[in-house]
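Labels A, B and C are assigned to the chains in the order they are written; within every chain, residues are numbered from 1.
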Amino acid sequence: MQDLGIKILLQGDNLVRLLQGLGVTISISVISVLLSLAFGVLLGIVMMVKNPLIRFITRLYLEFIRIMPQLVLLFLVYFGSAKHLGWDLGGETASVIVFVLWGTAEMGDLVRGALQSISVHQTESGKALGLTKGQIYYYILIPQAVKRLIPQAMNLVTRMIKTTSLIVLIGVVEVVKTGQQIIESARLTSPSAALWIYGVIFFMYFIICYPISLIAGHLEKVWKE
Amino acid sequence: MDWNFIVQYSDLYKEAALLTVRIAWIGILGSLILGLICGMIRYYKVPVLSQIAGIYIELSRNTPLLIQLFFLYFGLPKIGIVLQSETCAIAGLIFLGGSYMAEAFRSGIEAVDRIQMESGLSLGLTRRQVFFYIIFPQAAAVAVPGIGANAIFLIKETSVFSVVALMDLMHVAKDLIGLYYKTDEALFMLVVSYLIILLPVSIILTFLERRLRYAGFGN
Amino acid sequence: MEKPVLEINHIEKAYGDHKVLDDISFSVKKGEVVVVLGPSGCGKSTLLRCLNGLENIQGGEVKLNGEQISQNAKNIHQIRQKIGMVFQSYDLFPHMNILKNIILAPMKAQHRAKEEVTKEAEKLLKRVGLLEKKDAFPRQLSGGQKQRVAIVRALCMHPEVMLFDEVTASLDPEMVREVLDVMLEMAQNGSTMVIVTHEMQFAKAVADRIIFMDQGKIVEEGTPEEFFENPKTDRAKQFLNVFEFVA
């Protein structure tokens, strides 16, 4: 009866519910991505500061965030905050906090890398041409840094979107949870629902992430010269 | 912090950590093999297989491991393919990691100058010999940092294996929080366990990367 | 009449509409040194690459001792063992030391014993004055040294013909000499060689025969004396004039 299993999608408002769940996933992703990009740029600039204490602190933050699995971070914030601060953050808020902490660290490192990649030589040849400092930044340094940064930032965005799938594990009702609910309620009428629902969710993620990856790859190639 | 509690339950963490390490190890090894195969198929543009590898790489890279696992563990049994928890975890990790490793190998192979292949061929070596003696060693050296980053990424990804009913670190932590409300202790042990697994890998890789960079082949 | 080692009969090659090689025919006898001259982009490098099957040809044939060479031939790697080639860009394998660079192909492609090949490699290295570099890595060598090693590496396969593709073109001027001297010595010892070069003095000294190409065609062919003292075609005259200006 597998060939009939796909009907589960069309039953009642199942598809609408799945899409609503996807909406939650997307909105958490979008909020986290926007905040991370903004804070990440700031962090990247801060990391260029020569002060050893600031360098040490930012470095420690970066390394800790990056070495921990994102799910561990989610647990830390979700369970930790409830216990210590007495806050019941709710899964959504905890997720956004974790993704922003993580996204900011990753983005900050990308920004730092982009800034450092612009060679001294470029600045010097700008000077040799008689450009002012402002002109050198505006015409030479920033365009190069941005071209390097944008494809990498887009790849980070796809990583963040994929990682939002984890929030089902701290009880957020998003696309995966909705899918589980549908599967659960159709257990008797449509036993093969799991195959179809998870298959559809798989492709939902793919449809969102693939274009972003594609554009990022394309830009990277075009801007390489 | 209740240290007695920590001591009492540290064995649970140890077991879970060993499980993580074992699965990660097999998964990384499998990913390397799958990645190398895909990388070679793509490099030599083997007809049909090359397209299949391309589709696989895009699917794998643009979907979350969690969903891949749900599909394998809950979806496939509906068409008669039942995988054990551990098999499922390993299969998922290799499915995910293969594409990342393939990309690392591809960029490594692309970094090797075409003239290397040509001079190998013009010495009368076969294409296979050229690949194994000349292209591969150079490509592997270039690919090491990427492979290392992927390995760490894959170890971190193992944290979702509780969803296929494996008693991994997350599972243990969640149980202890749920059963005894020992949130601090459970989370502390969780963080420490991952640090013990990941820090040495990370340090070794940084070291290796630096050595490779200094040794640089640079013609 | 002596049978030619290498025979090139009416070969054709085009990239799209652009004909790179247009009905090229010539042959090379044993012990003969043929120098191919011509302006940049005339197809002379492509010609060399077709001779050992690195490029496919669309028409005609290349024969080594009567055996046809094509990229798709099953035994192409065996035929290539008889044709040595040295490229313009340094093509040593950067992850192997000099000795390994040289003995890899004789061991793996010809299945010769390591001791025997090593002995020969050392002898050849000594001849080009680089024996003390045998354990060094390519990055530790100068451009001229690398090219001499590349020549030794090809020679160690006992090729019947050696192809040289502008081997001094990326070298600093003071290193050109040391490479050309090695090639001159090879010529005097009876090696069969096809050389693409821009070094006119060297061409004059080393060549038994000059082939002058332009726009994918052989325009003129003759002894060095005929070609340099008395070029028959306007194209060749122009080409030589430019070089005199430069010199």
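Operating definition for what follows: contacts are C-beta pairs under 8 Å (C-beta built on N, C-alpha and C of every residue); 3 or more make two chains touch, one makes a residue touch a chain.
Model, not experiment: these values are computed from the prediction.
Q: Counting C-beta pairs in contact, which comes out ahead: A-B or B-C?
A: Of B-C and A-B, it is A-B that has more C-beta pairs in contact.
Q: Taking the mean of each chain's Cα atoms, which chain ends up nearest the overall Cα mean?
A: Central chain is B.
Q: With centres defined by CA atoms only, which chain is the most remote from subunit B?
A: Measuring from the centre of subunit B, the most distant chain centre belongs to C.
Q: How far is the middle of subunit A from the middle of subunit C, if each middle is the mean of its Cα atoms, in Å?
A: 55
Q: Hey, how far is the Cα centre of subunit B from the one of subunit C, in Å?
A: Spacing between the chain centres: roughly 46 Å.
Q: How big is the gap, in whole Å, between where the Cα atoms of subunit A centre and where those of subunit B centre?
A: 20
Q: For the complex, which residues does subunit B have touching subunit A?
A: Residues in contact with subunit A: 58-59, 61-64, 66-68, 70-71, 74-79, 152, 156-160, 162-163, 170, 173-174, 177, 183-184, 186-187, 190-191, 194-195, 198-199, 202.
Q: Along subunit B, where are the residues that touch subunit C in the complex?
A: That would be residues 113, 115-116, 118-127, 129, 133-134, 137-138, 141, 216-219 of subunit B.
Q: Please name which positions on subunit A make contact with subunit B in the complex.
A: 2, 5, 67-72, 75-76, 79-80, 82-83, 158, 162-163, 165-166, 168-169, 176, 183, 191-196, 198-199, 201-202, 205-206, 209-210, 213
Q: Which residues of subunit C touch subunit B in the complex?
A: 52, 54, 77-85, 87, 89-95, 104-105, 108-110, 137-139, 150, 153-154, 157
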